[in-house]
Each structure stands twice: as structure tokens, then as C-alpha cells.
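Once you scroll down, you'll see the structures, which are given as C-alpha cells.
One chain, chain A, appears in both complexes that follow, with chain B as partner in the first and chain C in the second.
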Partner chain A sequence: MNKINNFNLGKLIDFQWKLGVAVSNSYTKELNTPFISVFLKVLDSNNQIESHSFELTVPEFQNFAQQFKDMSSLMESL
Partner chain B sequence: MDKVSFFGYTIPPEIKAMIPLLGKLESPNQTKEIMSMAATYIITKKINTNKQTVTQLKETTDSIQLKLEKKANNAEDRNQLSIIFTGCYYLLKLAIKKRVTTQTFTNDLNDLKLPQAFINDISALYTSQYKDFIEKTNNDKILFHQLVNFKWRVDVVISSSFTSRVMIPVILMEMTDNFGQQKTFEVSLDIFHKLRYNVSKVLKDMEDLEQIQILSKFDK
Partner chain C sequence: MDQPKLFSSLLGFLLKREYENDESLSSLDSLKEMIFSEVDISMESIESMYIKCLNFIKNSIASDYNLSTFESIVKENKEFTDMQQECLIKFWKLNKKKIHEIIYKKTRFNNSLSKMSWRIDLKTKTKDIEEINEAVSIVELKLSNSINSSNSNKLIRFEMDRAQLENTLQNINNIQKHLQATNTN
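This part shows the complex of A and B:
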């Protein structure tokens, strides 16, 4: 485990998500679009904690999830 | 003395320096062009600068300098044209500051014993550009960053990494200022109600302001 941490490429400190529905916005009354928000905290190479957040639409999330599924099945095949 | 002219008790040195030169210039067209350049300069110059206005002003000053240089035959000539430009600029600037009428403007210039053609030209310019000048000075105040764009969105949280089936409404807001800085934030219902209260309060206070007599007098 320590071998891999020899290089400080950033470390995931926190991962949080949220599923919500955008009901309306400044342009449209009936928006009703689901989305996923993800909040990340990463310890970068300068030992600083950086916060990032991003939002995914449903198709974007499906693609995202599929890649994690692929990663997971690859790990299992090892 | 019964009346003070719009440029004050003493004639500003910038204007004084211009007076003897005006008689010397042969073509009235030349001075006409210089004064219209001064007017452009006044309109472009801004206190509250962002990148766009800075480049705009730089372009204007560069083009003015280029034009002045082109007109001048020699270094002495060039110097004289600069003095006239500065004089015109001060005349207009002071007139705008006091918001004098065209009539006062012309009368006060007559008292200075300037050439008649010059007075006619600059008065005509002052009248025709008056609206632009006033609009420009009204917009030109020292200000904080200003809000230029505001977007919002209402979300309902269904579940998250901590809770499921929460169904809390959340408001997302995004503000952009005139310097291009953007801030996105979430507002809870609680805070939103506080915001709503304060917005209505400000609206009411502004309405109350209109009732105050002394302010409506200034509005003219």
C-alpha cells in the first residue's frame, strides 16, 4: 500500500453525492430534470485540500457509472 | 461682481493658455475637429474602469494623438494643438460639471473674448452632445463591482450520501459581476425568506425616498 503512495498524485479525502430534481429556473417554469451532484475533497501534491464539485445529467451519470462498473469487474478479474 | 462664470472666479490656466492661440489658427475647421476630439475623449473616459473601457480609452487617446500629430507641421505647431485640445477639454468639462445651459455657456465664453467662430462651434457641439455628456456623468460614479447577471434554479433533493428520501427544496443562485467574477451558491429556504424580506424592505425604502420633497427637487 505504501509503495503506491510514493508518488503524491493527490488523495481522495471525501466523496459525497446528491440526487435531486431541478424543478424550475430563471428561464423555464417546468424544468423537472433529474441530476446528480458530486462533491470531492482531494489532498493535492502540495498537501492542500481542494474541494471540487460537479453535476451530471442522467446520461452523463450512466456513462460515469458504467466506467466504474467496468473498473470494478476488471479489478475482480485480477 | 454679480455673476460668476461657469469656470469659476479665476480662469483655469489650461483655458487661459488656449486663448492667445485661438486667434492665430487660420482654419476654423481645425479647431472644430479638435473640440470634437475633446468631446469624444470626455465620453470615453471613465472612472470605473474595467478591461473593456480601458482598451476603449486607450484606442481613443491613441487616435487623438495620431490626429494631432498629423495636423501639426512642426513641433511648435504640435504643442499649440495640444494646448487647444486641453483648453477645449477643460471648457467642456467645467460646463458639464456645472450643467450650465447653452445660453450661459455662450455668454460666459463671450466674456472671455474668444473668437466668434470658436464660440459658435463649441456652443453647437455642447448643445448637440449635451445629452450624451449628462448621461455619461450620471453613469460615472465610483462604484463597487456591479451585478450584471443573476440566474437561479430550484432543486429538490431526493437522496444523498447521508440521507435518502429527504425531498428538501434548495435554491441555487449564480451571480456574475461586471468584472466577470462568478459566484454560485446554495440558499436554504430559511435564508431565502430572509432575503425576500430584505428585498421587499429595500423596495419599500426606495418608494419612501420618492416621497421626500428635497430629493425630488434635485431630480430635475
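This part shows the complex of A and C:
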């Protein structure tokens, strides 16, 4: 298995998430917007672990989710 | 200011300048050039109407008025003519959702995902293994940060084999379940 991944571009080693609601901000006291925070750990090609995080709105998350579903169904068809 | 087309254009200008960060509209002088060039009106009157509309929109955003509340508040405001009130209502109806999203993103201090690309490869042979048949998905995520520019345009690339992809998808499905539960509550 390690040999197969000899030339990897990076390997996903952890995927954590948080679903939250932004309640208010400096512009509005009624923000009430759900968001998804994603935290990824990737082992890069130099064997260094890099952490990354980003935040998605619900429509952005739905698009993100759809792409993973598309990938998965293509993988299954192979 | 008594023509609905001109007043609506002023509101459109306001949306672009204040919320969509259109840098070409940084000076209010362009408002006169672009919208009121053929009308006999002073720059002072244009500016004062612009500020009046801006304050009204800012207050509406601060309280996140729904359309019917917005409508009753705007109709109580005698600073606007009937025609201007109608234009404001139309503006709020069309743009409320968009503005709300912009307002959320203005304080998104974390990175956002600006682009996602992926590819599926089938590994058939390596130096050490004569024959393999391993599908991998390669994902590239482009992150950006409009607030902290030092973090902008970070690229993440990684591979996932079938098991890792299924595991990630399981996490994603869990998030979707929680989202649905939140919506139905």
C-alpha cells in the first residue's frame, strides 16, 4: 500500500467539521446564518502534516458535497 | 429623482459600491456621470439622496427586515416619495437575500473555498508492483481569504483511495443529516 502511494501529491489524513450558526455581526443583529467549518489535515509530499480550515455557507457546502458524491459514484463504476 | 428608472439606478449603484465592493465606483462623482448626466440636478442633492438611501438600507440590514416589515417601514418614511418607496420595496425584494449573504461574508474571518477541482486516476503499474488496479481521486481545493490577504489563494492537493473517499463522504452525509434536522426543527 505504501508503495502505491510513493508518488502521492498529498494524502488526506483527517477531516473534521463543525456546523454552526452565525447569530449577529457588526452589520446586523439578525444574521442567523448557518455555516459549516471544515478542518483538514494533509500529509504533503515531503511527509509534513499541514492543517487547513475553511468555512462554507449552506449552498457552498451543498456544492462541495455534490462533488464528493460525483467522485464516489465514478470511483464505484471503475 | 422623480423618475423611477433613475432612482432605481441610484439604488443599483449603491448596491455595487457599498456591498459588492465595485472599486470603479469609489467616487460618488461617477454617480452623476453614469446616472444623472442628462438631468439638471446638483451633486449636493444627489449625494444627500444617496446618503438617505444608504442609511435606510443600513438600518434595514441591521434589523434584517422581512419584505412586509420593510414595506410598512418604508411607507411610514415621508422623506421618500411614493415612487421612491415603490422602487425601494422592489430593490429590497430583489436584493435582500443577496445582501444578507454579502453581510455574512464580510465577517467570515476564516478562509473560503473559492474553487474545487478533482480527477479520478486509475493506477495500473508502478516500479515495484507489476500490476495494480487502484482508483484514486485527486482533489485540489483553492482557498481564499478576503479579510486576511496573506492567506489568500492557498492551494491544497491530496489523494484519496476508495476507503478514504467513502470515509469523507460519510462525514459529509452526517453534516447533511444535521442540516436537515436543523431545518425541520
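Operating definition for what follows: the second predicted complex is superposed on the first by the 73 of 78 C-alpha atoms of A that agree within 3 Å, B and C clash if a C-alpha of one lies under 4 Å from a C-alpha of the other, contacts with A are read in each partner's own complex, and residues count from 1 in each chain.
We adopt the following convention: contacts are C-beta pairs under 8 Å (C-beta built on N, C-alpha and C of every residue); 3 or more make two chains touch, one makes a residue touch a chain.
No experiment lies behind these values; they were computed from the predicted model shown.
S.K.: With both structures lined up on chain A, is it a clash or a fit for chain B and chain C?
M.R.: fit
S.K.: In the superposed arrangement, does A:A65 touch chain B (first), chain C (second), both or neither?
M.R.: second
S.K.: Would you sort A:F54 into first (chain B), second (chain C), both or neither based on which partner it touches?
M.R.: The second partner, chain C, only.
S.K.: Looking at the overlay, what does A:L31 touch: chain B (first), chain C (second), both, or neither?
M.R.: A:L31 contacts both chain B and chain C.
S.K.: Scan A:L9 for contacts with chain B and chain C and give back first, second, both or neither.
M.R.: second
S.K.: Once both structures sit on top of one another, what is the angle chain B-chain A-chain C taken between CA centres, to the nearest 10 degrees?
M.R.: 60
S.K.: Just checking: does A:G20 make contact with chain B only, chain C only, both, or neither of them? Give me first, second, both or neither.
M.R.: first
S.K.: State whether chain B or chain C is in contact with more residues of chain A in the superposed arrangement.
M.R.: Residues of chain A touched, chain B against chain C: more for C.
S.K.: Quote the smallest CA-to-CA distance from chain B to chain C in the superposed model, rounded to whole Å.
M.R.: 6
S.K.: Take the contacts of chain A with chain B and those with chain C, and give the residues found in both.
M.R.: In the superposed arrangement, which is not itself an observed complex, chain A uses residues 15, 17, 19, 22, 25-26, 31, 34-35 for both chain B and chain C.
S.K.: Spell out the part of chain C that touches chain A in their complex, as residue ranges.
M.R.: So the residues of chain C touching chain A come out as 58, 61-64, 100-101, 103-108, 110-113, 116, 118, 120, 122-123, 126-129, 132, 134-135, 137-139, 141, 143, 154, 156-160, 162, 164-169, 171-173, 175-176, 178-179, 182.
S.K.: How about chain A: which of its residues touch chain C in the complex?
M.R.: Within the complex, chain A contacts chain C at residues 3-6, 8-12, 15, 17, 19, 22, 25-37, 40, 42, 50, 52-58, 60-61, 63-65, 67-69, 71-72, 74-75, 78.
S.K.: Where on chain A does chain B make contact in their complex?
M.R.: Those in contact with chain B are residues 15-26, 31, 34-35.
S.K.: Spell out the residues on chain B that touch chain A in their complex, using ranges where they run on.
M.R.: Touching chain A from chain B are residues 150-162, 169-170.
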